Amino acid sequence: MTMSIAAHPDRLLPADGGTRAIARELLADVQELPIISPHGHVPADMIADDAAFEDPTALLITPDHYVTRLLHSAGVPLSDLGVGGKRVDSRTAWQRFAAAWPLFDGTASGYWLRSEFEHVFGLPASLVDSLPHGGADSVYDALTSKLSDPGFRPRNLFKEFSIEVLATTDDPLDSLEAHRRLAQDPSFSGRVLPTFRPDAYLTPSDPQWKVRVERLMAEASGGVGGFDGYLRALENRRHYFIEHGAVSADHGVRTPLTLQLDKTDAARLFDSALKGEATHAEQQAFEAHMLYQMARMSVEDGLVMTVHPGSYRNHHEPTFRQFGPDTGHDIPFAINYTESIRPVLQDFGTAKDFHLVLFTLDETVFSRELAPLAGFYPSVFVGAPWWFLDAPDAMLRFRSAVTETAGFSRTSGFIDDTRAFCSIPARHDASRRVEAAFLARLVSEHRISEDRAHELIIDIVDRAPRRVFKL
Amino acid sequence: MTMSIAAHPDRLLPADGGTRAIARELLADVQELPIISPHGHVPADMIADDAAFEDPTALLITPDHYVTRLLHSAGVPLSDLGVGGKRVDSRTAWQRFAAAWPLFDGTASGYWLRSEFEHVFGLPASLVDSLPHGGADSVYDALTSKLSDPGFRPRNLFKEFSIEVLATTDDPLDSLEAHRRLAQDPSFSGRVLPTFRPDAYLTPSDPQWKVRVERLMAEASGGVGGFDGYLRALENRRHYFIEHGAVSADHGVRTPLTLQLDKTDAARLFDSALKGEATHAEQQAFEAHMLYQMARMSVEDGLVMTVHPGSYRNHHEPTFRQFGPDTGHDIPFAINYTESIRPVLQDFGTAKDFHLVLFTLDETVFSRELAPLAGFYPSVFVGAPWWFLDAPDAMLRFRSAVTETAGFSRTSGFIDDTRAFCSIPARHDASRRVEAAFLARLVSEHRISEDRAHELIIDIVDRAPRRVFKL
Amino acid sequence: MTMSIAAHPDRLLPADGGTRAIARELLADVQELPIISPHGHVPADMIADDAAFEDPTALLITPDHYVTRLLHSAGVPLSDLGVGGKRVDSRTAWQRFAAAWPLFDGTASGYWLRSEFEHVFGLPASLVDSLPHGGADSVYDALTSKLSDPGFRPRNLFKEFSIEVLATTDDPLDSLEAHRRLAQDPSFSGRVLPTFRPDAYLTPSDPQWKVRVERLMAEASGGVGGFDGYLRALENRRHYFIEHGAVSADHGVRTPLTLQLDKTDAARLFDSALKGEATHAEQQAFEAHMLYQMARMSVEDGLVMTVHPGSYRNHHEPTFRQFGPDTGHDIPFAINYTESIRPVLQDFGTAKDFHLVLFTLDETVFSRELAPLAGFYPSVFVGAPWWFLDAPDAMLRFRSAVTETAGFSRTSGFIDDTRAFCSIPARHDASRRVEAAFLARLVSEHRISEDRAHELIIDIVDRAPRRVFKL
């Protein structure tokens, strides 16, 4: 009888026997450590409200664009999966997923889902295996039954998952009321922190930008007008976030281009952008300058600055029009950091307590740009592999590309970046296994001592995210 | 006594004992499966005529630019190898190759050649090893003797190689007479399919373009003139190819740039290009639009569209002038797909039954662009590693880069892309071994079950090419 | 009791037992071979003068920007480490280094330093391990005591390190007096060769360019003025270098862009650049043309041409102003060779005895551009992984990316590129171990025979640098 891959104690560990034995011991050091999740997309409301999850499809399929995208590539229309608010019969949508389950073999999403099924929901492996072979309904019913159990409410799962810190991602004008409720609730001991995500207010090429800026200034500029008022409003909202526990500001920019402008020029661009008179080049310049301003504000108010560039959002316009954003067709492209981020580093690269975490979907910058930058600038940390790259092989490529230049101290710690709450334990567990595998190889090759590996894995898993995100 | 590497049953399998054992069993599943070769450059005439091969040099050295290029890098003039139709003494050229044989250690070409020598021609390993040590003539004589054996005629080898489908690459005005002869010959049971390769008719920057277009239109536009006639002629020739068994159209473009133009603009560009009045930018725009038109035609007529971009053809002008194209100095460069191919995907990315196979010589796009594109668009398949990349390590990097995002179902299946007929079995065998090695590692790391691996390897080797190429 | 990683006989060899056993035997073939270092930055004066090294900090920390950069990233100001000529107390600086020693785990620098401590200075592993745990002073004292030993003078170390050839990097107007002294000294049997490094004289965008060119022409143009005199002066200084043993000219250009210009245009650009009237584009064109001219001169005088592009020098302007160049913030960026170097290859790619060694910090060009170029052009050799890439994993990625296309014969052999004299044995030893590891894997996978692996490792380690650098 073969053991389920999800349950196997050696999953994701290296095949070589000696190396695997070392990896096992390293893994044991960190398997019980709490989860620290300094960047992700779980809604704070969900935890504050603590309502039961609706149904298996609404929980596991519809909102997870990792899952719906691969189903879509196999010919399943997104409308059949409830994407974009389309009404579907939950069970029918689940059956479509179940039929396509074999497509997920070898993918990160398949690995996480299987882990959730077996470890969070306690389904037997044989039941999971039956998904494409007539077992869709049985799995659906088993999950539905679990979801009605009060133990499967978000707050209890939060505790069972051993989550210590969970950061959400929030609009600058969000009231953060859910965060406040959680912070003030003596029955809830976790930390749920907001993250300031201002992209939509910094991008004049977006047709909604003007309306958003006007709302922002009306609510937060303290009566000051023009570019000064705009900056003041952003600063004020950052302070509001900090008062509510925020430790970082996240920037999901198209490119990492930054630009220093003198105040007069920036103010002039702001005015002409508001009037709709800015050229495309002026819009880009303004956007690049605002990323520079965000760095300046982070230096002043201490919010860790994270940059997530390089994704062509909503690549398929017809899908975007029908189903909205975040529907599985954000496609990466090549970026450069060395020249783009230089204006920020010129002025703030050695600023006291400034933390700038640089992420990429373009692996080529790991060894070429990010490790060298983080290996010199005290402010720069290499963001963990993210999105399409937070999978075992990609994570190993990341460590291999970065470590020889920058060591372990200059990387951010794992980021789950997920809106799929129930996948959080599987994601962090996978990351810990991969870190153990990488360190075990270095030990096997006599490149670090086993003693140091035991210290390093704790630093990587636990201390790095606390240190980098000022937790 | 050591066994020849070409004969070793474990060649290309992973070193780790446990993983190798799994790989061996996976390999056993597919070792006897027929060869499906949906893209390559073997001439159909060769099989239709079934003439004996001329001599070892003419068969194995002169036409194989993988081989002549490395000899050239070592200082052997191409003229000494008979490239570009230069007259050489076949035996003398062979001796030059034999002296340079050690240069091929570790290369894909060296691996294939050794396999051919031992498995197709039955030479003992010790004789092959003697090539650079005085054995050139003995090997030459042994090969010559084999070539005179009627069993070494193309059609018999076709059968012995277990080739089920072999696609050729053909000029749109080719009569396809050889394909017809083969299809109508009851004594030949293989399928030899033409492939529509229209590049030369779509590239106004090519000095011969005008003449070619005029010939195309004279033969196939049905009397319609101008841009309409040009499109109609292309459509007509595609239908002619389909009637003769074609399943795909191949596009060896410089970049994957595509562009939608309205009909008036396209027609105007066509006219000015024919008059020689188009600027370089206009020529590029027209070319990008014609790649878009090819997608449109594929949607309409069902030919699978394959795109092979990113090679700087004929990099060394003096060599090109003396020896012609395909002489070993086509050099890859960086490409992007995310923006370039978007116009096609906007309009046809979700079109019913449209198959678009995207190849690359720039490995950076595998994880960054191709896996994400193929993981969303039902039309997009990631082309197998190709040309410089169809070698064991590169194929493993490909699987590692693509699988975690796109799984196994979104890749094209192996493409041998060769004009070296006798290398076909070695190439497919190598690919199967590498697939077994990759799957075996995932099994060892408990990322897929062994049962699924046995299903997946058959899908990868046999079902994928049939499915993707509509065979 | 665990053995020190620096002393472990299997360090850097593969974990798999069978593969490791093969690697051990391959390593044994080359472990005693002399060191050939055809490119580096050790000052010739140091060896000619043979003075005792000053102190541990001045020897191992201050001049090594690999080390100071990582300390800087951890918040240690460069001024505290004596960078840029700042006065520091050597022991205090050492203590700062010692406290940060754990940051170097997993890095190439950490590996080299540990090797130096244990193998060059004979410190016990336990003493090295104590560095961050109160042992800073003991290590400092132990090193200081060794440095006062006459056996630790440069010339004796040169002999103990088994260095046969060491190339330095020199200004074109350098008198090469130190090289002459060494060559004429019958008591010194090593070869210390100058390398012609003309960048500063070829870059009109550099504010010092005009002054340098005037000095160059005054000293070496033989009275000829204008562009002709400039070229003649460069040629004359190359000949002077050749007379003093130089075998190569090194070009640390920003990009590998080359450009052929006709003489009149080049002369016109030269004149306007000297007058400070050249535009940025004209400066770039002139620079690209001068790289072309350097190739032309190498074809004529036989100096091997090495190109080291792709580094954004002095990325952090404030650090540059305070501490000068080479202070740890040269950051790589993406380059292309296929188009950039083409003008040189068009005209000289097949020129007799021309050797052009192309280096990169952008790994993406290894499989995509360099292996294909070197696999065709007899002049082109792929430069060994360099700078941020001369570390075990990166060196394995290099071999994997290059070998399947270009084999072993088209690569340059190891380049230590270092100014850290005492790290030379550790760097070459590491390289030999990695080559053994790579070859052993190919043997294990039955891709090359064990016999050939034994021949190849000697070729790679010893014959390749002699052949490529014409030693």
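Order of writing sets the chain letters: A, B and C. Residues in each chain are counted from 1.
Everything below uses one rule, namely that contacts are C-beta pairs under 8 Å (C-beta built on N, C-alpha and C of every residue); 3 or more make two chains touch, one makes a residue touch a chain.
Given the structure is predicted, the values throughout are model-derived calculations rather than measurements.
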item: When chain A is superposed on chain B by its C-alpha atoms, the rotation angle in degrees, nearest 5; value: 120
item: Interface residue overlap between copies chain B and chain C, same or different (over half shared); value: different
item: Whole-Å separation of chain centres (CA-atom averages), chain B against chain C; value: 39
item: Numbers and ranges of chain C residues touching at least 2 other chains; value: 14, 16, 334, 364
item: Residues on chain B engaged by chain A in the complex (per definition of touch); value: 14, 16, 18-19, 334, 336, 338-339, 342, 345-346, 349-350, 364, 367-369, 371-378, 380, 400-401, 403-410, 441-442, 444-452, 455-456
item: Interface residues, chain B side, partner chain C - complex; value: 2, 5, 8, 10-17, 69-70, 72-75, 102-108, 110-111, 129, 312, 315-319, 328-334, 361-364, 388-389, 391-394, 397
